[in-house]
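Below are two complexes that have chain A in common, paired first with chain B and then with chain C.
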Partner chain A sequence: MKIILFAVVVLAVLATGFIVAAGPEPHIVIPGEVVWKVGFMPITSTLMASWLAMAVLILGTFFMTRGMKLIPSGAQNFIESIIEFLYGQVEEIAGEKNARRFFPVVGTFFLFILVANWIALTPIFKSIGWTKDYGHEIFHEMQEKAEKGKVFDKKKHFLAWQVEDAGGVGLTQPGARTFKFEIHEGEDPADALDRYIVALAEFYTDFKPQADGAHGEGHADPADVEAAFAALQADPKAPKFINADDHAHEGGAEKHHGVTSHALGITFSALEFPGDKIALVYPFFRAAFSELNNTLALAIFAFLAIEFWGFQSLGFGYLGKFFINPLKNPILTFVGILELLSEFIRIISFSFRLFGNIFAGGVLLLILTFLVPFLAPLGIYGLEMFVGLIQAIVFSLLLLVFAVGAVEHHGGEDHEEGHGDGHHSGEGHADIHHLEQGAVQAH
Partner chain B sequence: MKSWLVPAASLLGAGWFFATAVILGVVVGRWADDRTGLEPTFTLVGIVVGLAVALIGGYRMLQPLMSRLGDEPPE
Partner chain C sequence: MNLLSYLPFLVILETDGAKAIGAAIAMAVGGIAPALAIGMLVGKAMEALGRNPEARAAIQTNMILGVAFAEAIGIYALLSALIIAFVI
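== the complex of A and B ==
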């Protein structure tokens, strides 16, 4: 009985979600959306997000550590306990001497990745941004090709949402519909325009195309186009195609390129949307590490830091780990080359691990919010918080482990069997080792 | 207490490292094949090198872990 009641409640919540909060079909883009362009440099949503993470960290640290006291309290206590905990971790792995060298970098990596991942779960992410007007963009594509007298050389797929105008602000309401349009390869702009007129009429009015056969070949039926055009003209809220001749009469100084419709024989020079627009939201903020450029930047810096520490500790002897005299030991020469390769592969595995986890998490949230608007995404949000933490730990710990590996002397000939190539040389390690031995004796 | 952190991170890292090494080997091999027209040669070389790097690099990554686990006293 209880189970049935529970099931009914869950179903009711899910159903309410679909009615109240169903979102438009998610649009997934892998590169960061360009928010601004400063000179030649595009500022992407992911870059904005990493700046936001930096701002949170810098301002947070600044305000929490203002008026530092010897005996910390409140916010200062909070920050100090975090730093102390992290430092303890690093010291345990790297040893006291190395920890002082590694900690600033490793700790920064950890905090930066953690904050960037966690603020990405706040509601301002992926929801506020420019609306990119696809309704006009599709028409512009046709105008450009028609002007050059060319056909479309590539297939183009457009997906956009119905966006309402709410006092100058575009708003995608719950239950907003998705507009899809595809430009075929080798299609004439005039034919594409015909299909576009039909698609717009289908989307905005209750117009239904009559002819089925012609539709399949990628051409709109002329009768349908005429009916669709009439339907668009009749509805005051539907988009209006502006006749090129009318436009010329209005006396604009700029010249407008027209696209001539095959079926109607009218040349249109512009398209206006008096009511709802067809647009996509290009968010200001998207999870910083859901773009490969950002994770790659971190990975390259991590790689450079590791190599720098290696050279700093061992001088040019560091290269001796990779380049071994083949006359001495040809197998080790080969192994050394492979190790050199694996140093570089780390850059890629570092960047792809973080990117893959965060991007997949974002997509999962997006899709799940689309499929089941209520409740279910909550659990995934919890999971994403965990993933964000784990990825921050993994990135910084691996950086630390590799750094420890880079600064220690290569075991070479005199390494003990069963203890690896001197991986225990860190002082902290030695301490643990002693403790463990002590534990054995105590048993 | 926190001794699980490093093994966990190392294992997570090693998995991605294996995958990246092998995939990168294949991708570079295919690219080289396309450039030179020696169809399967470089792909095979790439697979072998990728596997070797994955094996050796992975071994180096997991060795401290394995030796540490080996050192641990039986409960």
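== the complex of A and C ==
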């Protein structure tokens, strides 16, 4: 009995969510949305998010460690316990000597990825942004083609939401309706405009097309277009097509800059939206690692750090791991080449692992919010927090393990190898060893 | 009945439909192997943990490493699915 009651309550909550707060149809973009352009450099939403993560880390550490005391308390205690815990983990894997060298980089990677992943779950992400106006863009596409007297050479699909606009900035609203429009390949702009008028009338007014097949391939019915146009004119909140002749009387010269409707025979030069727009919200912030550029940057830096440590420890003997004289041992030569390749493949797997996990998590949240607005995304948010932590651990742990592998004096083959390289590497290693012992003693 | 007689079905598929099916197959098939691998890895790690609880740190580190490598294969599948769905 209790179970049935529980099920009824859950279903009721889900149904309410679906009626009250269903999200707009998800729109998935892989590259980061350009928020601003500074000179030739686009500033994307993902870059903004990584700056936000940096700001959180820098300011947080700054304020929490102001007035440091020998016996920590409060916020300082919190930071110290985190750092101590991380250092302990690094030391366990790398040993005391190497841990001192690796920890600053590995710890920074861990904290940065963790913070960037976790702040991406806050509500400012993906919801507020510039509105990208599709209502006008579709019309401009037709205008351009009509001006050149060409047909559309490519199929184009537009998906947009009904967005209330406040000076170019919009908010993703629950319950926003989705507007879809498709320009067919080889379609005349005049025919496309006919279908656009019908689609707009259907979206904004309670107009219903009479003829069949108005949505599919082919043309809209002329009678439908006329009725749709009348419906648009009658509604004060619906978009208005501006007649090119009127426009010319007011403004003057630009009479030709318009597109003529096939069914109506009127040339339109502009489109105005007195009420809600058809637009998408291009967010200011999106999860920092849901774009490949950012994860690639991290991966390249990780790769460089590993190689740097390798050279620092072993000198040019580090290369002896990859280039082995084929006259001595042809199989090891091949293995060495494979090793060299795998160094570079690391960049790919580093970047795609992080990108894939975070991007897939974002898409999952987006689609689930669209399907089941209440309750269900909650569990996924928990999962995403876990995934964010795991990815931060995996990235920094792999970096650490590769780094330990790079600085290690490699196996017995080296001693049988020519003494040129072996000698060098031994020397470099001894130097480092010596220096570090000195440093430890100085402490 | 000849399997080839079904070929017209493939031809009449629209490009978008074919893309969607391709991406779905890439992800679904590409997910099988990493799932099995990760399950096996974690299972064995748990066994090892039960047999030798003191080695927790070493087992955990190596398990996460192994899982990361196995997962990379799933990520490649995701990558090809994304390319099929959005780029091609």
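Keep in mind that, in the parts below, the second predicted complex is superposed on the first by the 393 of 443 C-alpha atoms of A that agree within 3 Å, B and C clash if a C-alpha of one lies under 4 Å from a C-alpha of the other, contacts with A are read in each partner's own complex, and residues count from 1 in each chain.
We take it that contacts are C-beta pairs under 8 Å (C-beta built on N, C-alpha and C of every residue); 3 or more make two chains touch, one makes a residue touch a chain.
All values derive from a computational prediction rather than experimental measurement.
Novice: Please indicate which partner A:Gly405 is in contact with in the superposed arrangement: first for chain B, second for chain C, both, or neither.
Specialist: first
Novice: Name the chain, either chain B or chain C, that contacts more residues of chain A.
Specialist: B
Novice: When the two structures are overlaid on chain A, which partner does A:Ser342 contact: first (chain B), second (chain C), both, or neither?
Specialist: After superposing on A, A:Ser342 lies in contact with chain B but is clear of chain C.
Novice: Where does A:Ile30 make contact in the superposed view: on chain B (first), on chain C (second), on both, or on neither?
Specialist: Second partner only, chain C.
Novice: Determine, under the contact definition given at the top, whether A:Ile393 touches first (chain B), second (chain C), both, or neither.
Specialist: both
Novice: Figure out whether A:Glu92 sits in contact with chain B (first) or chain C (second), or with both, or with neither.
Specialist: Both: A:Glu92 reaches chain B and chain C.
Novice: When the two structures are overlaid on chain A, which partner does A:Leu366 contact: first (chain B), second (chain C), both, or neither?
Specialist: neither
Novice: Considering only touches as defined above, state whether A:Phe352 meets chain B (first), chain C (second), both or neither.
Specialist: Both partners, chain B and chain C.
Novice: So, A:Ala75: does it touch chain B (first), chain C (second), both, or neither?
Specialist: Neither partner.
Novice: From the superposed pair, tell me which chain A residues show up as contacts to chain B and also as contacts to chain C.
Specialist: On chain A, the overlap between the chain B and chain C contacts is residues 92-93, 349, 352-353, 393-394, 397-398, 401.
Novice: Which chain C residues qualify as touching chain A in the complex?
Specialist: 57, 61, 64-65, 67-68, 71-72, 74-76, 78-79, 82, 86
Novice: Taking the complex as given, what residues does chain A use to touch chain B?
Specialist: That would be residues 89, 92-93, 335, 338-339, 341-342, 345-346, 348-349, 352-353, 390, 393-394, 397-398, 401, 405, 418-421, 423-424, 433, 436, 439-440, 443 of chain A.
Novice: In their complex, what parts of chain A are in touch with chain C?
Specialist: It comes out as residues 30, 92-93, 349, 352-353, 356-357, 360, 393-394, 397-398, 401.
Novice: Note which residues of chain B are touching chain A in the complex, please.
Specialist: 2, 5-6, 8-10, 12-13, 16-17, 19-21, 24, 49, 52-53, 56-57, 60-61, 63-64, 66-67, 70-73
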